[in-house]
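Letters are used for the chains, namely A, B, C and D, taken in the order the chains are written, and counting of residues starts over at 1 for each.
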Amino acid sequence: MRDTVEIGLGKAAQRGYHLDDVAIVPSRRTRDVDDVSTAWQLDAYRFEIPCAAHPSDATMSPDRVIELGRLGGLGILNVEGLWTRYEDPSKLLADLRTVVEAEEPVTPRLQEIYAEPIKPELITERVRVMREAGITVAVRVSPQHTLALAPVILDAGVDLLVIQGTVVSAEHVSTVDEPLNLKEFIADLDLPVIVGGCTNYQTALHLMRTGAAGVIVGLGADDDSTSDTVLGIRVPMATAIADAAAARRDYLDETGGRYVHLIADGDIHTSGDIARALACGADSVMLGAPLALAEGSPAGGLWWHSSASHPKLPRSAVGYYAEPMGSLDQVLYGPSDDPYGRMNLFGGLKRAMAKCGYRDVKEFQKVGLMLDR
Amino acid sequence: MRDTVEIGLGKAAQRGYHLDDVAIVPSRRTRDVDDVSTAWQLDAYRFEIPCAAHPSDATMSPDRVIELGRLGGLGILNVEGLWTRYEDPSKLLADLRTVVEAEEPVTPRLQEIYAEPIKPELITERVRVMREAGITVAVRVSPQHTLALAPVILDAGVDLLVIQGTVVSAEHVSTVDEPLNLKEFIADLDLPVIVGGCTNYQTALHLMRTGAAGVIVGLGADDDSTSDTVLGIRVPMATAIADAAAARRDYLDETGGRYVHLIADGDIHTSGDIARALACGADSVMLGAPLALAEGSPAGGLWWHSSASHPKLPRSAVGYYAEPMGSLDQVLYGPSDDPYGRMNLFGGLKRAMAKCGYRDVKEFQKVGLMLDR
Amino acid sequence: MRDTVEIGLGKAAQRGYHLDDVAIVPSRRTRDVDDVSTAWQLDAYRFEIPCAAHPSDATMSPDRVIELGRLGGLGILNVEGLWTRYEDPSKLLADLRTVVEAEEPVTPRLQEIYAEPIKPELITERVRVMREAGITVAVRVSPQHTLALAPVILDAGVDLLVIQGTVVSAEHVSTVDEPLNLKEFIADLDLPVIVGGCTNYQTALHLMRTGAAGVIVGLGADDDSTSDTVLGIRVPMATAIADAAAARRDYLDETGGRYVHLIADGDIHTSGDIARALACGADSVMLGAPLALAEGSPAGGLWWHSSASHPKLPRSAVGYYAEPMGSLDQVLYGPSDDPYGRMNLFGGLKRAMAKCGYRDVKEFQKVGLMLDR
Amino acid sequence: MRDTVEIGLGKAAQRGYHLDDVAIVPSRRTRDVDDVSTAWQLDAYRFEIPCAAHPSDATMSPDRVIELGRLGGLGILNVEGLWTRYEDPSKLLADLRTVVEAEEPVTPRLQEIYAEPIKPELITERVRVMREAGITVAVRVSPQHTLALAPVILDAGVDLLVIQGTVVSAEHVSTVDEPLNLKEFIADLDLPVIVGGCTNYQTALHLMRTGAAGVIVGLGADDDSTSDTVLGIRVPMATAIADAAAARRDYLDETGGRYVHLIADGDIHTSGDIARALACGADSVMLGAPLALAEGSPAGGLWWHSSASHPKLPRSAVGYYAEPMGSLDQVLYGPSDDPYGRMNLFGGLKRAMAKCGYRDVKEFQKVGLMLDR
C-alpha cells in the first residue's frame, strides 16, 4: 500500500515515484504493431498521436506549430513568447545559439530579449497564419496575463486555449490584483481550455471542476529545468499522473460522465518515457526538449523553459543539441537510426503497446507496472 | 513480504529486484571446489556448464557455435542473421569494426547489411556444418518467421530449436497475419524447443504449457540494450527469474513431473552474476556480451543484440571490447588474470557454490540471498 | 509510519531523511508573491529574512556581519576566529586563496594561522565596531571557551550570544575541567542565547530547557564538511528538523507558551533547500557556503567550517568559488541570472511560499511534503 | 522491524545494510575526549586501540608487524605470503610498484611471484624476529594449509593464531582431502585462535563454538576487492556485525560467560567507518588499505588482498596510493592534516565516542544509529 512515512516525530510525508522508477510489464499476450492505434481525441479535435508540444520559443514557432499539426500532433504557440514581442525573432534566436556556442552566459541575454513588451497585433497575426494552415490552433497564455490577453486571443480565433504556469491552482489569492477566476472564465468561453501544471489529486480535481477539457500534470521537469533547486518543488511524475487519473475517475463519477484529459508534462525524454507516462494514466504527453532534437527546430537545437527568462528568478538552464537527429517527421514516426529511443517516438510507443498486447491508449493505461528503483 | 506499492491513488505496482540488488549469503558449510559439479542436462543433451549463447552474429558464427559446443556449452546460431543472408559475412563483420573504430555511426550500417534477404539454402548449409562437427545443434528463429523458416530448419536437422523474440507470449494476436500457435507448433515437433524471452510468472507458465523444454527469462538486457529507453520495458531479473521458478514449480505439479528449464538472459556480465542468476532459480544462463571478450569472437570484440539492426526502431547500441581477455576456453574455464570476474566464468561459479557448501546447480538454487541495494 | 528497522538481530535503527529526499507539494491554492512575508522575529529582534550566517571566518568578518545585518539578516562573528587572533587578518585570508589557487595543501596553513592565541582586547574592539553600526550584534563562542570568554563578550555588549560546537549537549561530562552548565549560565544572563548544533528530539528538548532562545539543528554539513567520514556522524536534516520541531511543540506545552526558535544548519545550498528546511519546521536557516558566493566575501570565495583548522583532527575541506555570483544583496534578494537557485535566495523562498499559497514562514511550516528518493 | 522481502513468488531475501547506510546519532550527553578509552583486551593481550591488521603482504612485513605492535595495535603476518616464500621479498615488492606505475598488468606478476613454494624455515625465522621484538606475535594461515603449517608455526612460538580464508565455516566438506576440524584443532591448542571471515549469525555462532577467542566478520571488502563480481558474494557489514553480535550474546548465554571478540573486516576506510563498525557491535576492526597510506608501508603504497594472487581466479585488484599520508603513528594517532578521516584514525574514533558521551568501546556499542541511505 501507499507509504505515508513519518519523516520526523509528527511530520508525515507521502512517498512519490518518478517515471524512471517504473517499468512496464508485458502481459501474457502480444499483438501485431499494425493493429495498434495511438490516436488521441480531445473534444472535437483528433490527433494521430497523443502529443502536445510544450509552448517554448525554443521549439514552437508558428511554422513549427503548423508542421507538427500537419504531422498529427498538437502544436502550441506561447503568446507571451518572442513571436508576439518581435516581428521576426529569427535573428535573436540565431544569436542565442552563438552565445551558447561561445560558452558565454545565456540567461542574461534571454532576460534581455524577453524584456520587450508583448504586441497584441502580433498575437492576431500569428494566429491568423496558423489558422490559414488548416491545423488545430492552440496558444498558451499564463494565468497572470489571461484576463489581459484573452480578448485579443479569442478575437484572433483559436481552437484551443492553454492556460499554463509553473504551478496553477483553481484558487489564486491576491490582495494586489483581481485574480483570475478560472471557473467563471472558462464557463464564459466557447472553446475547450487546457489548464495546468498541477502536481496532485486535489489540485487536479479542482482544475477539472473549472470546466477545463484538459489538465496538464507536472511542471515540465527535465535536465534543464531547475524548479527543484530554486523552489524546492520536484514532482514525482508517476505518482502525480496516477493521482490525477484518480481525480479524473472521481470527477467522471461526480459529473456523470465528463472525461477530462490528462497531459503529462515532465521527465519525458524518450519513447520509453512516453509509454510509461501513458501507462501511469496520462491521455497524452507534452514534449519539450525531445522536439529540440529535430532538424529545423526554431532555436536550432537550443532548449529552454519559459521560466528561463524570468527577470529576477530564472528557473531553467539552456540546453543545446548541436546535432539534430532527423526531421520532425522522423523524430515522431521514424525510421530511426538512434538506438536510444529519441527518434521514432511514437513508433516506439506503438511497439511497446503491441508487446503488451494492447490496442489503444485508453486500454494501455491498464498495463502492469513494476517499481524497481 | 513482497511489496505491492500504491504509486498513486488506486494504481498499484509490484516491487521488482535486479540481480545486482541481491547478494549470495554463504551458509554454515563450505565444500571443496573439486567436489562441485556445474553440469546441465536439457532433455537428452548434457552440457558441462549451464551456459547457452545469446544468438547474436557478434559472437555466434557456425565455427564459434562448434567451438562452444566442444567446450561444453550450448552455442546457438541465429538463422535470421548474417550467416544465412551472406555466403561469407566475414568481410562485413570486419568492416563494422572499422566503422566503430572510426567512431562513425554504426547503426545505419547494421540496418543496411541486415536488409539483405535470408537465403534458405544457407540455413541448410550452416546446419550441415554444425551437425558434422558432432555438437548439439541449436538455431534461433523469431516468432514472426517461425512458420516460414521451420520447414527448412527441420529438414536441415537441428537438435534444439530456439524461438526467441524480445518479448514472446503464448498468445499473439494479429489481424494481419496468421499468428504462430506455439502450442500446436511445438506439439507437432519431434525435438525440444526453447522459447522466450518472458518477464513474469504468467507468461512463463503459459510458455511452459506450450510444451517448451526451456523458457528464456529476460530480454537480454545489458549496457548496450535499450529496451528501457525505447519501450519503457525493463526487467528486474532477480524477480523475473524467481517468478518463473514459481511457474516451473506450479507447472511441475500441474503436469505431475514435467520440469521446464529456465535460461536467464539479462544483466549477466561476470561469474558473480551467473551465480546470482542460478541462486534466484535459473537452470542456466544465456551469455551475450561476455563472450565478445573472447579471442576470435566473430565480430572481433563488437557486441550487439539482434534488435540493433531493426530497420525502423533499433533497440541496442553496439559495444566494443578492443582487447580480448583470452581464449574462449579461458573465458569459460580460466585460468584468469582478470580480477573482475570476466574470465574463468564457470570456475568462478564453481567456487561460489563451494563457498556456500553446495554440490550442484539444482541444490545451489536454494542458497540464501540478501537484498542490500 | 516511521520505520524502525532491525539492521541485524536485536539491533534497531530509525530511518532518517535528508532535505534532498523531500519535495514540497504545492497545495490547491496559490498566492501573489507580493503578499508573502519572510520576516523572522527572534526575541526583541526582527529580521527581514529567516537567515543567520554560519560563523566562519571565510564569510563573516565584522564588516560583513554589518552588511548582512543592514540587509535584514543576522550576521554572527566567531570570537574564536582570525578577527580576534590578529589585528588585521586580511593578508592571511588573501594568502590562503593563493595557496588554494596553487593547489597546495591548505589544511596545514589553516592549522598554523589558527594556532595564534585569541586576544580578548580584539573581541572588545570587534564588538564595538559592530555595535556602532547599529545592527543586532551576535557573536559565536564554543562551549569549551564560553566560561573563559563570556566576561569579555558580555562587557563588550552583544545583543545575542551564540554558543555553538559541532555537537553540543545540555550535559557535558568531564573529569578534567569544570564543564559548562548551560542552564545555570543562561539563567544568569540578560540576553538571548542561541545554542547548538544538535541532531535529535531529546538533545533539542534538553537544550530548550536550558533557557535558550534558539536552538541550532544540524552540524552545518555541506560538500566540504567531513564529520561523516571523520566521526561517522551524518545528520539527515529533514528528520532532525522535524524531530526538533516536535521538541519545540512539547516544550511549548510544558512551559505553557515558551517558543524556542529552530535554526537549521546543514545541507542548505539553494533557495529550494531553504524552502525545504522551513517546510520541515525550521524558523530560520544558517547559511555557510552560499554566502561565500557573494562578491566581497572576506576570504574571496573560499569556504571552510571552523573545524577545518582543528590542530589534530580537521573535519572540513576548503571549498573555493573563484567566480562570485553577485553582490551580497543580489545573492539574498536578486535579481538573479543564475538558473540554479544560488542567487535571490529569499526571493526564491518567497516564490515557493506563494506557489503553495502561504503568507508567512510559520504557516509555510505546514506545507505538504513528498518523499521521492 | 527487519524486512524479509519476497523478491519473487516464494523466494525470500533478508534486507541487509552496509556501514555506509548507517549514521551515528549523538545522545543527550557529551564527554571530554581525554576521558575516553579505546583500549582492547583480547584474552591475555591488551592493545591501546581496537585495531588488527589485515594480513596482506602489501602492508604487513615482519618489521611492520613489530611497529604496529609497539604502537598499540595487533599486527598479523601472513605465513603464506612472500615473507615465507623468499628470503628477502623487498626487491619483488619494489618491482610490483614499477609495474603499477608503468600501468602494466600487475595480476600476472602477482600470480608469478606467489607461485614460489612456502619455506617452513622462513616461518620459523619470521616468527623469531617478531618474538624478539617483544610484541604480541600473531600470524595468519589459511584453513586449507592449517594442518600442514600448524606444527611449524606452533614450534616457532606465536601468541595468537589467525585462521582466515575468504569464507570460513565450522564445517568444511571434502571428498578429496581430510578437512580441518576446527573444533578439535582449537581444543588441542594452548593459544587463542582468531577465525573467519564469516558473514552471518549462524556461521558466527558455529565458529564461536569451535572455541575461537575471536571471530572475523566480513570478507575484507574494499574498493579493490572483487568477491562481489567474481563470486556474487557481497556482505552488508552493518547487518553482518549486528548479526554476529547477536551470536556473541547467545553464545555468552549458552556458555555461561564466554565472550568471543568480533573483528570487523570490510568497508572500513576512515575513522568514521571504524566508529560505525564498533557502533554496530564489533570489538575491533581489521585494517587493510588504510594502512597502505602510511609511510614505509612494505609495498610502498600498493594494496591488495591475498586473493589477488590466486593462480586461476584472482579476486582483488591492486590499489596504489602514490603519496603517503604520514607515518604509521600519525595515521593511527595523528596529528592529522587530512580533513577526510584517513589520518588520526583512532583519535577520530575517540572524538566520535566523546561526542556521544561514551567512555569505552563496550559502552559505545550501544550508541544510537540512524539509517539514511
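One rule holds in what follows: a contact is a pair of C-beta atoms (placed from the backbone, for glycine too) under 8 Å apart; a residue touches a chain by one contact, two chains touch by 3 or more.
A quick note: this is a predicted structure, and the numbers were derived from the prediction, not measured.
Engineer: Touching chain A and chain C alike: which chains?
Structural biologist: none
Engineer: Over half of interface residue numbers shared between chain C and chain D means same, under half means different, so which is it?
Structural biologist: On the two sides of the chain D and chain C interface, the residue numbers are mostly different, under half being shared.
Engineer: Can you grab the rotation angle between chain A and chain B? Superpose on CA, round to the nearest 5°.
Structural biologist: A turn of 90 degrees brings the C-alpha atoms of chain A onto chain B.
Engineer: Determine the centre-to-centre distance between chain B and chain D, using the mean Cα coordinates as centres, and give it in whole Å.
Structural biologist: 40
Engineer: What whole-Å value do you get for the distance between chain B and chain C if each is reduced to the mean of its CA atoms?
Structural biologist: The answer is 56 Å.
Engineer: Can you list the chain A residues in contact with two or more other chains?
Structural biologist: Within chain A, the residues that touch at least two other chains are 3, 15, 17, 239.
Engineer: Show me, using the given definition of touch, all chain pairs that touch one another.
Structural biologist: Taking the chains two at a time, the touching pairs are A-B, A-C, B-D, C-D.
Engineer: Would you mind writing out the residues of chain B in touch with chain D in their complex?
Structural biologist: Against chain D, the touching part of chain B is residues 1-3, 15, 17, 22-32, 34-35, 201, 238-246, 249, 269-276, 279-281, 334-341, 344, 347-348, 351-352, 355, 357, 368-372.
Engineer: Show which residues of chain A lie in contact with chain C when the two form their complex.
Structural biologist: Interface residues on chain A, with respect to chain C: 3-18, 105, 107-108, 111, 166-177, 179, 198-200, 202-203, 206, 226-236, 239, 308, 311-317.
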